[in-house]
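Each of the next two complexes has subunit A plus one other chain: subunit B in the first, subunit C in the second.
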Partner chain A sequence: MSETVSNTGPAATSSPAAASDNTAQQPQPASREPHRSMGQRLAGLIKRPEIGSIGGAILVFVLFYALAEPFRNLASFSTVLYQSAALGIPAVAVALLMIGGEFDLSAGVAVTASSLAASMFAAQITGNVWVGVGFALVLSLSIGALNGILLIKTGLHSFLVTLSTFLMLQGLNLAITKLVTGNVATGDISDLAGFDSAQSVFASYFNIFGMSISIMVFYWLAFVAVATWILLRTRVGNWIFAVGGQGDSARAVGVPLNKVKIGLFMGVGFAAWFVGMHLLFDYVTVQSGEGVGNELLYIAQAVVGGCLLTGGYGSAIGAAIGGFIFGMTTQGIIYAGWDPQWFMFFVGVMLLLATVFNAWIRRQVTRG
Partner chain B sequence: MTQQKGHPLIRLTDVSKSFGPIDVLRGINLDVAAGEVCCVLGDNGAGKSTLINIIAGLHQHTSGRYTVDGHDVRFGSPREALDLGISAVYQHLALVPLLPVWRNFFLGSELTRGVWPFARLDKAQMKEITDQALQNMGIVVKDLEQPVGTLSGGQRQCVAIARAIHFGARVLILDEPTAALGVKQSGVVLKYISRAAQESGVGVVFITHNPHHAYMVGDSFAILSRGEIDLRARREELSVDDLIYRMAGGAELESLQHEMGR
Partner chain C sequence: MNIGHLRRGLATATATALIGVLSFAAPALAQSNDKQPVFALISHAAPGDTFWDIERKGAEAAADKLGARLIYAHNPAASQQATLVDNVINQKVDGIALTLSHPDAMKSAVAKANRAGIPVIGLNSGLNEWKKTGVFAYIGQDPVVAGRAYGERLNTVGAKHVLCVNHEQGNVSLARRCEGIEKGFEGKTTILYVNGQDMTSVRSRILAKLQQDPSIDYIATLGSPFAMTSLRAVRMSGRQVEVTTFDLDERVVKAIQSGKIRWAVDQQPYLQGYLAIQSLWLKATNGNVIGGGQAVLTGPAFVTKDNVAQVAEFAARGTR
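Right after this comes the complex of A and B.
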């Protein structure tokens, strides 16, 4: 049947439908990047995921600058930065995870689990804190990997999987600490070998312009820079956006979806370890019940920073600015002489405003 | 990579498929040649999707022969089919809506510069290639940075097809690419399909419910009915009215009309 080659090609049959569409026939302009007008540039800026958080940060800054006298001096600013960094480092990792389409409710207690593990392992087994630090790193990465593997194997929503691991970890934190130390907190590790060097790595302070700045602030900036680079400039970044945006499509073109998701959970594990080590070497002892509730603050920062709950959209810089807003709020409330109990109320208000604003932004983005 | 027009790419000989006790396809004979559009038509549940899923490596046939370039194949996964240049474009699974056009185009096959761990996306080159590939096929996209979700349904379909061709598709399988599109958008896609076949020399398997769409682009037609091929004809052997008549069930429809007394 196919020995005759058809010459009445499809193009010969002109279709009214096809002919009526002239957009596909227009000659192509030589350059795809024509000179952009001021208006277009503004429109482009508005489409950045972090634009809402920048506006929010300015608003909060102005508010406390006006209301709280001590907020205006540099020394208090260093405290603001420190608060932002301590909350912001896990938030950056959580933002990547959320762009990849998943949640991690276990991140708050995972920080405490990491400090507890390092402290008790060092005190009980080796006597050297660096061995404890290494042990905690392996543990934190394993918790992250476990979250990812459970997600893939069970096919459950990450909300449920990590809610389970959150509860389990919380129980383990309390029970194992009680079992090992007979107490609700770990003992002082400041006289163990390696403590001074570990403290200088994780919990030292620098004097700059008369401000005493925690090393965590620099780590925070480094986390943001590396995360932003990964997201926007590497293949893995492209895959993170894709698996969160539409996992099936990504898989269909060969993106290793499972590896990406497990990797993102391990990234949260790494950030939890990092902050856990800071808290351990800053406070010397660890309360086993700490960390509960922080997981929601991490998520809130990522959302304020422009991450979509449904995945596929967001930025690490946005999450950092979200952290900065929360840091300003914690300290601002204190400097304004208000009861610190108001903090959560403000967080709630900001989250609501940010979500409404970001939803509006997204409508603009998808409209083009 | 342009192949001689008419050179046979894939051939199904007496292929059948059953899911457990249910025979979904029986004794299918079909061939697709380079540079030609083979339209597969049929009613709901006729087995069209099952047929192309076998071709694309999503399912395996129960009996019969499936050959690619004359060699017998039995695919374990879509990846294996893809490696032989057989690529399926599904309407809803093709692209990631929030991702920019150029990032979608290269998704899973990104170009990088530098060595690990400092390998970074070669943005400039990827944008240029995307631009070229789209231009070659006559697709106009205002800004390659715009999210794919902001393109029209027809443009999106075209970008997905352009991508498949750019990454080496020799056989392109399209399952109802015009089903959700309006007249104008369908026109964009249809024109693009015939252009792809003629200029890139790919063989196209085009599934549709619409005999008008099929006749606009088809070089040959196969009508599936309850798992069997009811009609296999080349374009010069029938008119669009024949196609509509046969597709509507022909004699069956006449008797239905008769029954209803109209």
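Right after this comes the complex of A and C.
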């Protein structure tokens, strides 16, 4: 993940992606389309980073569809989607960051920090939850910016920088909550002004085809769409691939490396804020110890979805599919009624299976 | 160098003498009558646990009343909890209140404290094992006993299939609560593990279990925040499932008042923390042994719609 990555490996893998993205920057990208044959287009599609994870998702889906009878109900499916979305929104931002060559271990507790901040600020200072929501947004973006600035100023690996902020935030979440509220969880804010409108924005439910679908699922899709657009259709997208693949060369050709990296960390901050607001308005109170461990799930989803741990390669759609695989697995194990003592083991096995299958498909595709 | 040392020593001696004179009214501690007594509470709590926050408040209230200082430290891993005991022994505290959820792992740490002349009292979990660990007394509620009472109560309300929601897989005392339910309950008990650090997973997994098994008619959560999330899961499933829980907090009390939650088992964590520190003080100053060799029980007490009014105001204050 460091900028000293040589020309081999990830950088080489990333260059086709970056190159094909450059073509998107041509003045008339549409005019190129008719010249590509159906086969070429299919080949282009099949070489996308997320192709392997689609295979993994189908594998997991078929497995649980066959083994777990309740998995076949639409109501169950909406639960799977909800679980995927709650973990998937930060995973999309983390995927962009990883393509840009960095890790963020603080993302899990940053979600909790955001909801705690909004709740306590609203309850103690203003009495209106929307002011708390705004305060939390500023805080989350600042935490992201701080991660980025620390990374650049210290020159340390992002693993170390964000490990430190992860530990600091974990401590601050516990200590400040205790200091402000006298308890280790925030109080009930459902009687404050603006709660109902905030709840309808961040935590409402829709009935579609008899399923109660969380608004988070739609936001998740929106996050994926925007992230994909940024990556594939904008200059910033090219920069992200470039700083992740070959940082020094990117800087040499005029890519604002520092700004891109700080921006990516702030993107994670934004996603953390978004999920934090959902947690607050759906679950009303927040325990200060929550969120620990989720940072690894976000990274895992991005990697299952085709992001390289070394940066420069990956996709937002892949991260979403990675989230979907994880959601199907954790819920599917319960639908299948497997022994609960073995739950984490099964999750591990399924992720390994999906990832090995991903890698196999990707190898088949790139060979052909 | 020596003179400086001597002078500092003299100054300290004078200061201590002064404090000693000034605080003549306060009963003297057996070990040291010239400084503020310091007690330690070492628990197996996970960070941010709401139940342990109340336990700590009780201990702090007792320490305040006694003019003592309280050191609180916690770690859910047995070896690290034992290390915390070593730390406070080295700090030469006047007494240690220690949870015994990993009784065997605490034996050597307790022996070390006893050798150093520091009294250790067991609290919370460890009803069956406290005597062999070397602590002089025990205050608490055994999770198996509480679970069994819980199971027996499920029998009386005609429950058929209870889902025991454990929010921390691998936690000994939580596992024993589910075990106790299994022993006392004549119907079927199913255990579900959820990630207590992530509420979305708690709700999704409970909802999934309700969708998977239509015979579940009661939910037993092992901590109060998870009871509230269970209520949401039940509502989303559209099923008729009663929610019950171990431990209390303000929202659970309100939910009991409005009839949404059938009952909560209260083991009075505030009382456990308070009595533990008070008993250490009595042991140190007057050689008293609380319980006189027997365990002192603080639960299980059931809080239902009928008696919830008695605890409501204290729960709102964050001490029940």
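Criterion: the second predicted complex is superposed on the first by the 293 of 368 C-alpha atoms of A that agree within 3 Å, B and C clash if a C-alpha of one lies under 4 Å from a C-alpha of the other, contacts with A are read in each partner's own complex, and residues count from 1 in each chain.
In this text, a contact is a pair of C-beta atoms (placed from the backbone, for glycine too) under 8 Å apart; a residue touches a chain by one contact, two chains touch by 3 or more.
In this text, all values refer to a predicted model and were calculated from it rather than measured experimentally.
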If we overlay the two complexes on their shared chain A, which of subunit B and subunit C does A:246 touch? Say first, second, both or neither.
first
Have a look at where A:313 lands relative to subunit B and subunit C in the superposition and call it first, second, both or neither.
first
Check the residue A:66 against both partner chains and state whether it touches subunit B (first), subunit C (second), both, or neither.
neither
Contacts of A:356 with subunit B and subunit C, given as first, second, both or neither:
neither
Based on the superposed arrangement, let me know which partner A:234 touches: subunit B (first), subunit C (second), both, or neither?
first
Quick one: classify A:334 as touching subunit B (first), subunit C (second), both or neither.
second
Applying the document's contact rule, which stretches of subunit A touch subunit C when the two form their complex?
68, 70, 73, 75-76, 79, 82-83, 86-87, 170, 173-174, 177-178, 182-185, 187-188, 212, 279, 282-285, 287-294, 327, 330-331, 334-335, 337, 340-341, 343-344
Of all residues in subunit C, those that touch subunit A in their complex:
46-50, 52-53, 169, 190-193, 195, 197-201, 203-205, 207-209, 211-213, 225, 228-229, 232, 236, 249-251, 318
Which residues of subunit B touch subunit A once you look at their complex with the stated criterion?
5-6, 8, 31, 33, 36-37, 78-79, 90, 93-99, 103, 106-110, 112, 119-121, 123, 127, 131, 135, 138-140, 143-144, 146-147, 149-150, 183-188, 190-195, 197-198, 215-220, 232, 234-236
Contact footprint of subunit B on subunit A as seen in their complex
1-2, 4-6, 8-11, 13, 15-21, 23-26, 28, 32, 229, 233-235, 237-239, 241-242, 245-246, 248-250, 252-255, 312-313, 365-368
